[in-house]
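Both complexes below contain subunit A, partnered by subunit B and then by subunit C.
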Partner chain A sequence: MQHYYSFEKSSIGRFFDLINKIGRVWAPVRVSEASFSFKPVSNHEQVAFEALRTILPPKKLFFSPEETLFRFDENSIHEVSPPSEREVLFGVHPCDLAGLNVMDTIYSAHPQDSHYMKRRSKTLIIGLSCLPDKYCFCESMGTDTPKKGYDLFLTDIGSHYFVQAQTPEGLELIDSCRELFSPADEDQRNRFKQFWIYRSQCFTNKFESDNVPAIVDMEWDNKLWDELGQRCLSCGNCTPVCPTCYCFDIVDISSLDGKSGERKREWDSCQIVSFAKVAGDFNFRPGPVDRLKFWYRHKLHGFDDPYGFPTCVGCGRCTVSCPSGIDDIVGVVLQLQGKRMKEQGAEATKGDSSSC
Partner chain B sequence: MLSDLKRIPTIAVYGLTGCAGELLVILENLDKLLPFVKLRSFPFAQSHNEITPVDIALIEGSVSQPHDLEKLKEIRARSRWLVAVGNCAVWGCVQAEGCKRFSLTEMVSSVYGNDSKIAAMESKPLADHVKVDVKLSGCPINASQFLAVVASLLKDNLPYITHKPLCLECKLKENPCVLIEKNLPCLGPVTAAGCGALCPSMGAACYGCWGPCETPQMDAMATVLLEKGFQFDEVLGRLTTFGAPHDLFKRMSEFKTAEN
Partner chain C sequence: MLKVKQNLQSPFIPHWAIIRSITNLSEDNTLFELQIEDGDFSECKPGQFVQLWLPGVGESPISVCSAKVGETIELCIRRVGRVTNALFLLNEGERVGLRGPFGTGFPLEKYKGKNLCLIAGGLGIAPIRSLLQHVLLNREDYGKLILIYGLRHSAQLLFRHELKHVLRRRDIEVFISAEEIRGPDLPPMSMQLGRVTDMLSLAPVDESYEIAICGPPVMYKYVVQGLKAKGVKENSIWLSLERHMKCGMGKCGHCFVGGRFTCMQGPVFNLTELRFLPEAIECEGTESC
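And then the complex of A and B:
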């Protein structure tokens, strides 16, 4: 059962003192005029509370962009274990929590990915509410409320943060500083409910999602894919920024004497031509259209396997990270559904719709 | 395996027409190689050089004069593995495609005078003249990639060299995108990774010095840059400066025709 508390926003400094005692704290930090990144912080003044989406999603803390899996020599193999110190990830929005839940499903399935699981289990996750901008469409994907995957979730209710504690670790944190937290009173619970009603009314970028998986299959030969594919740079920007893209490449690096080496893995992208190249130089997704369509299907339909659920969480990262402007998922879905003509295409979605 | 021959593998390092940037990288990393190889020749770095068969020949620079070509063929004939190192050797760099807009005789006379004895020929990458076993691009090359290539060849394996686009490498470093946020003419989407996204990490546009990635989407890149307001000639100039072959741009000539 969840437990509900609150603390005054003016006490956020004390809250950060508290979580800093647990371990290194990662939070969104502004890195350019338009971009944010989860980075280690030592106090709340470094945190960009206004951040909606970081360049890379929080998966980067658990599934490293590049890491050494093991080292080997002529006689033995030594697994490289991730550091075991506890960490805190602060400021995770509902879409990113949903993304982590997808990653958890993939990487906890047999055989478990020990590196991912070790990093995940040592990290306390603190969610944070947000209001959508014109690129957010988590509501359409059903990922707009925090369901699971957090220890604490903070909702901004004006003067206070409303705190949902979901795990023993989250409750432990609250118990460690009872003078900071009070049980949420009726007025705060009402403001909490009002916030989430208000928030759901703020979405301007949306579609009806019921028939999306079917539509993606039905419109497999839609000429829209060719138009998008012609513009596709195959640069791979859309996949590292996706909270649920989990593919990686493996390389062995040998020492000069050929007697030892290491095996590394780093994020790969299905949008890059070499991804689907197999023996004999055969490529089962040779062109940008094949690759883009494959990615869209995985995001909106899922694979035809036990994990065949849509993996898009509606964060809008791909939309803002595509140099060519073709990852406007909402615009693409509306066109496939026949609800929007091409002329009104991508720019219409990006245009005037204002956020709350 | 070279290491099974119970003799120390031999290497030689040569420069044709280039800036010697790769030779410097190799020189800076020579101490790491020397415990495992015997250096037969490296005219840039030492005065005593032997003309003998070698296991690995590392060649920088493009072929732009007849004596480059003679030297290249002679080295090829006595080398087991021939490695083209750097953009000049792999793609031809500025002196190849980047200079194609000028006539060769005009370039020679304007640079060296009308009565010059310089015997210039159209500058080309090594593989246009001889069989090249390994192509390691860079401007200059990345030392880690270079050492990995040598490590593989010493085991008689062809090395793995990434040809993924720079964008992926850049994104893994979580750099803000200069193409999107600053509207800079960044060539990351069509340029091969390997440099560690040096320029975008400093807020500058990638200008493509590593040469094209595998199957670069040049037309889509041109479309993006033209839509940002860059002129066709500038786009073509940027895309070809570091040796990207003109046949990657078939559809771009249609843009030009449509523009006029």
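And then the complex of A and C:
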């Protein structure tokens, strides 16, 4: 059973003092008028509590965009381990927690990915509630509530943050400063319940999620993929911004004399033309249509084996970042379900979420 | 916080091996015998693959080419990409890296006691050779044996000397063909003019046979059609798929086929399984196959 506490929002500074003692704190920071990014912060004033979706999801902390796996010279190989200092990741919304859970599943499967696991296991994760905008559709993907993968989860209940502690490490943090936290009283528990009911009513961008994986599988040959593929620029924007795109490439970087170097891994994208190419230049997914529907299948149907679940978490990042407007997942699902004609366009069902 | 195993080792670290011998098999294909310096590759099975690493160049997935892997491992490699081009510049005594073995391999236990037909197209002979060696080493465990080996050009014939020995055996029927017999030299050994599928129609394959296939992607559709025409059951057909395996551990995503990691659940798949995987082979899900 979880433990439930609360603390006054006006004490958020003390909360940050507390987590800063654990290690470097990463939190959403405003980086432009309309964009946010997870960055190291030293106090709460740097944090953009209003941030809904950061440009890159928090996977970047554990699955680095570029990292050295090992260094080598003529005689030996030296493994490069990720830094071992503890860190805190603050302000993770439910969709991103669900994304991390997908990443955990992939990278903890045998054989475990030591680099990801080492980074992941030294990081305390503190979730934060949010209210959806017109691009969010986590409710349709069933990822709209925090289920696992966090140590503490803070829900904004007005004057206070309601705190769920899910792990011994989370509880230890609370125990280390009992004057800040008090056990959640009945009124706070009621406000917590009301918040999540209210939040579920705020979604305007949604679809009926019944059996979507089967529908996506059934519609593998749908002409919609051709129409979307013809508009796809194969820029690969949709993959780095996706909380569950975990593909990577491994490359050798050699010194000028060719005697030493390092082996690195870098984020890769299934939307790039060379992704499924084999030696001899045979390409198993030569066209944008092949690549786009492959990506959609991974997100909405999932890979059958060994994991067998859809990986989209409904964060809306791909929808926002696609320059061709073809990553409107909700619009695509509605069309595949036969509920909307394509002429009505992606924006048709996106209401204004200002009431929430 | 996520728990992590104590002393978790990086699965990306290769083992060293030394090139012990280099045997040219044809213009672009060479058999490399590697002496394993550290690491244990004795579990390698026919149909599995290893990652061959050239420091500073990169890795390339290569099929295990011999039935037995002990202190040495044999890899039949075509000079076709960045890594293999660099490999062909190396000499005996030079060092390379190896990771693996990866993948499932051919279902040796399922094949036991059955008639067996091995079908190779081009460089597909590399993994088929390891299976053939295994069957010949354990000949009493298997029934009738057929080898079909198709080439585009007669000059591309690989393992000529070994095949001559195999041709002399009475416990295996061998069908070798080339689509083009290239001059001015005579073909390295007796072979027929035609495609793999022509050889298949000549071979006495029937529904009692288990099949192992490895070749270029374009070949599968026609070979499967030919096998079905002969009454071979779908669940007796096993195909080795080519994809660009990079990590070998079901993580990097490059080898996804439909919903499977070729590097983990393959590269050898049963045809019944492939029919559920979109984009696996050209004939997937269509009535034509």
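Everything below uses one rule, namely that the second predicted complex is superposed on the first by the 349 of 356 C-alpha atoms of A that agree within 3 Å, B and C clash if a C-alpha of one lies under 4 Å from a C-alpha of the other, contacts with A are read in each partner's own complex, and residues count from 1 in each chain.
Convention: contacts are C-beta pairs under 8 Å (C-beta built on N, C-alpha and C of every residue); 3 or more make two chains touch, one makes a residue touch a chain.
Model, not experiment: these values are computed from the prediction.
When the two complexes are overlaid on their common chain A, residue A:Gln112 makes contact with subunit C while staying clear of subunit B.
In the superposed pair of complexes, A:Ser321 makes contact with subunit B only, with no contact to subunit C. Put simply, more of the residues of subunit A are touched by C, taking subunit B and subunit C as the two choices. In the superposition on chain A, contact is made by A:Ala279 with subunit C only, not with subunit B. Within the superposed three-chain model, A:Met1 lies out of touch with both subunit B and subunit C [touch as defined at top].
In the superposition on chain A, A:Ile55 makes contact with subunit B only, while subunit C stays out of contact range.
Look at A:Ile197: by the touch rule set out above, it reaches neither subunit B nor subunit C.
Residue contacts after overlaying the shared chain place A:Val251 against subunit B and subunit C alike. Residues 251, 254-255, 258, 268 of subunit A lie in contact with subunit B in one complex and with subunit C in the other. Interface residues of subunit A facing subunit B in the complex, by the touch rule stated above, are 31-35, 37, 55-56, 60, 65-66, 230-237, 240-241, 251, 253-258, 266-269, 272-274, 288, 320-321, 323-324. Contact residues on subunit C toward subunit A in their complex (touch as defined above): 1-5, 8-14, 54-60, 78, 80-81, 83-84, 97, 216-217, 242-244, 246-247, 249-254, 256, 258-261, 264-265, 276-279.
Across the complex, subunit A is touched by residues 1, 3, 32-33, 35-36, 147-148, 150-152, 154-155, 160, 163-165, 167-168, 171-177, 179-181, 188-190, 214-215, 217, 219-221, 223-224 of subunit B.
Interface residues of subunit A, counted against subunit C in their complex, comprise 69-70, 72, 77, 79, 104, 106-109, 111-115, 117-118, 120-125, 149, 151, 167, 169, 220, 246-252, 254-255, 258, 261, 263, 265, 268, 270, 275-280, 282, 284-285, 290, 294, 297-298, 301-306, 308.
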